[in-house]
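One chain, chain A, links the two complexes that follow: it is found with chain B in the first and with chain C in the second.
Presenting the complex of A and B:
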């Protein structure tokens, strides 16, 4: 009984960390630039595919593949800022949504052309074996996911509150006009947010790839979970995104284990509906951006 | 007006030109999607409410009519009316929470609701046959006349589309149409001018849901097979693209968009992935450079020609 409980909790925490990474990157552009980026799903997908290409095709070591993937995704975020987001600045919500959906569709089709329609796989750092401690099976890769997420979130929290550039980023998010008057280059801060967001997406894609297979639609499914995490945690709140991601991962795992695995995918959607109807500001509303 | 009459003439003559049943089947789909997109445009184009759950209403309409006609043996007309009424009610029910939330919240709420409804349809296996799909739905029949051949069915669907589009054209010029657009262009301003924005939003949701319900009922009896997989998020995006590329907030925009995005994928079937790249980029380009869509472009071009040189 207890072993099952622990096993389910571990699975939920692993997925929760992935959702937290996805939601964190997604929220970053909302907080910093007020942009809801529907192409985010493709950033995650491309992260996974770039990882597969570097490691499985080019034969690079896994750690180098991870670093390069994150770097290349950051470059992709920069390219997006120049091509897609800069012209969208100040446009209506519908315009941003449909423009990014269009770009996402094109990217997804391009991924099918580049990498083919078949699912690809990425190896883990530790092979496929699992440790068994007290009857609970532990995948080292799951522990790595939890570890990396924890370190990353702690690091980001520190960087945002303690460093000069982090404070500037927060200022640009909270009040762009006042920040500009203080001499903070808003455009550059937004570019930084897009690069960070894409890097997080790439990291999430790379880390989740060994748990499942890499397909052109994997990012979309994860982005939907990211939506749920963002809504549950509180729109535009970075802390909320992390806690919301963990909540979605855990509730989903426990719901699938103890209620019905058939309805596993609807749990996240049901959470969106319930939270928006009962508490639209989310469960952990602490925003770095006050303008929403 | 002239553009609409021209399109109607082409539509009336179309079955004389296309012979085979496959092409006629595509024409059926295009007509049904015109109805669906026109209703969606009421919400998205006229009132400025971005719902991503519209396909669920389409699905409810299709399943309602299919279940009533096949399982309970009721006539087609009863099934269709029931589909319209039930989706209308669901549309109004969705509108009530939608009054409290705006923008991206509304979009994500409707997206989640739509998926929950679709998964619920898949889960209610005794009624809907689950993911295996619902087959054996009969072709429509009205007052003893059965629309068996493709051409007969085509004209039935065309009649529904003409009624629907005329209704929207009339609505656009009415008090309600102006109120919808006022909400889209500035909700506070509309409120100040005495528009009952809550009632108008509920009306827009309800009307667009009725359109979705009728389109769904017609779809079930035209395709004769429906399954939950068809009503997925990708269809939502196609629907959004139809309204955006055709021209949102115009009467004929969704008509043009629905026809274009039904016919083009069939023509370009052999280059499917390239088509999707172009499709995606076209959505992007339209939102960036043609906010009024193709209809807006056509209107501008004709207006320029009409001017003396």
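Presenting the complex of A and C:
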């Protein structure tokens, strides 16, 4: 009984960390540039495909494949800033959202052309075996995901609140006009946010590739859950995105294990509706003081 | 006197003449399939099988001296896309249509299929598509119905594997729910109840909670029904959780392209259902060899069945001409046609394929474990 509970908690936490990783990158562009980037799903997908290309096709070691994937995805984020976001700066919110949806569809079709229609996969860092401690099966790759997410969250929290560039990024996000008057290069800050966001997407794509199957639509389901995590956690809040991701993952797992697998998603989304009814701004909204 | 309008009209007529001639010298074969989106990978072998048959027929002079022009429309792996793609193909006056293998998509096209009367082939397996259910006269199944395959999986579990407690883990879709119904009906006929029946959504990438419930139910055989990505996730997590139950995967789980995705050793010993194994059948060795050479992948039954579908259309046109009604009538007369991927009967409301084979995964390849007609 306790073993099952722990196993479900571990599974929920792993999926929660994956959602959190996705939500973190998704939220970064909202927080830093006010852009809801629906092409984020494809950034995750491309992260996985780039990883497969580097490791399975070119034969690079996994760790090198991971580093290069993250780097190449950061470059993709820069390219996005130049080609998609910069020309749309100052345009209506919906124009930018529509553009990202259009780009996402184009990227999905391009992925089929580049990598073909068949599903692909990546090996894990630690093989396929699992450890069993106290009757609970621990899959090393899942633990790695939990560990990487924890380190990233701690690192990002510190970087955003304790470093000069992090504070500039936050200032640019909260009040671009005031930040510009203070000499902060807004566009450069936004470019940095896009690159970071894309790098996180690449990391998420690479890390989930061995657990999920790499298909052209793999990122969409993840982004949907990441989006839900963003709303539950608090729109635009990095801390909220992480905790929201964990909440969605755990609710899903416990719902499926103890209530019904049939209504797993319904249970998770019903909980989200309840949360939003009780706390419309999410569980952990960004607190911004306004002076009049 | 020639006016500018009459010159333009003459020009248009002249320019249209080669097109008309071209249209008369070829027969259009339509194909409605997902070349992009979630199901593109699963449907790619169907395109391969169809292309292979068309190329072979054209190399032999076509049908009645007319070359076959294959026109493919993408469903985008979406239901509305499937309806729209079917309508787009209809506007090109096809002699027959090789349709998607997604049961839900075919059900949504059913009104149009019936109204237009064009011979339409599908690899969709839902029992709902049988001629005595929601199927129509001009819909031909190049696949074995799910009225037969899951039942055979359940019988295999009971009789060959000696199962006492069978659990079902299936996708929450037309396909997965069809499997559940058929398994439950087969077990009920033998006085057995499923030990557990769990579901997952197609996009789910974690079925650990469902597997823990199955483990708690003390199942000795798990039957998994879903799409290839679902099987990959389920197989990996069954292995990780150390479940000792024997496993039977639905057709998507033992396709050569899916077997390649399993982590080494993870699926060893697992069973699966297929309509046939053309890649391992000595009688189809020559066909399988040509397929491998042309597409650089291992052949599977779904490619072979769409290949068979095109060949049956060609035979029907050769016999009855290119009139849509005559083609449907000729196809409805087919009985026990032995193709590469299956044995088909459409006569007397026949529901197409009748073969079911049980395979076992050994060392990353599939081996025939039994065949049932």
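Keep this in mind: the second predicted complex is superposed on the first by the 272 of 292 C-alpha atoms of A that agree within 3 Å, B and C clash if a C-alpha of one lies under 4 Å from a C-alpha of the other, contacts with A are read in each partner's own complex, and residues count from 1 in each chain.
Everything that follows uses one rule, which is that contacts are C-beta pairs under 8 Å (C-beta built on N, C-alpha and C of every residue); 3 or more make two chains touch, one makes a residue touch a chain.
Note that the structure is predicted; figures quoted are calculated from it, not measured.
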In the overlaid three-chain picture, which partner chain does A:184 touch, first (chain B) or second (chain C), both, or neither?
neither
Between chain B (first) and chain C (second), which does A:8 come into contact with in this model arrangement: first, second, both, or neither?
second
Looking at A:123, would you say it contacts chain B, chain C, both, or neither? Reply first, second, both or neither.
second
Counting only touches as set out at the top, which of chain B and chain C does A:139 meet: first, second, both, neither?
second
According to the stated criteria, A:62 is in contact with first (chain B), second (chain C), both, or neither; which is it?
neither
Output check: A:208 vs chain B and chain C. Expected answer is one of first, second, both, neither. What do you get?
second
Should A:253 be classified as contacting the first partner (chain B), the second (chain C), both, or neither?
second
Thinking of the overlay built on chain A, is A:94 touched by chain B (first), by chain C (second), by both, or by neither?
first
I'd like to know which partner A:262 touches here: chain B for first, chain C for second, both or neither.
both
List the residues of chain A that touch chain B in one complex and chain C in the other.
108-109, 112, 262, 265
In the complex with chain B, residue positions of chain A that touch it
36, 84, 87-88, 93-95, 97-99, 101-110, 112-113, 224, 227-228, 231, 235, 262-263, 265-266, 269-270, 272-273, 276-277, 280
In the complex, chain C touches chain A at residues 35-38, 40-41, 43-44, 77, 172, 198-201, 203-206, 208-210, 212-213, 216, 228-229, 232-233, 236, 239-242, 257-258, 261, 263-266, 297
Help me check something: in the complex, which residues belonging to chain B touch chain A?
44, 48, 50, 97, 100-101, 103-105, 107-109, 111-113, 115-116, 119-120, 123, 237, 240-241, 244, 273-288, 291
Chain C partner, complex, touching residues on chain A are 4, 7-8, 11, 14-15, 108-109, 112, 116-121, 123-124, 128, 130, 132, 137, 139, 208, 210-213, 215-217, 220-221, 252-257, 261-262, 264-265
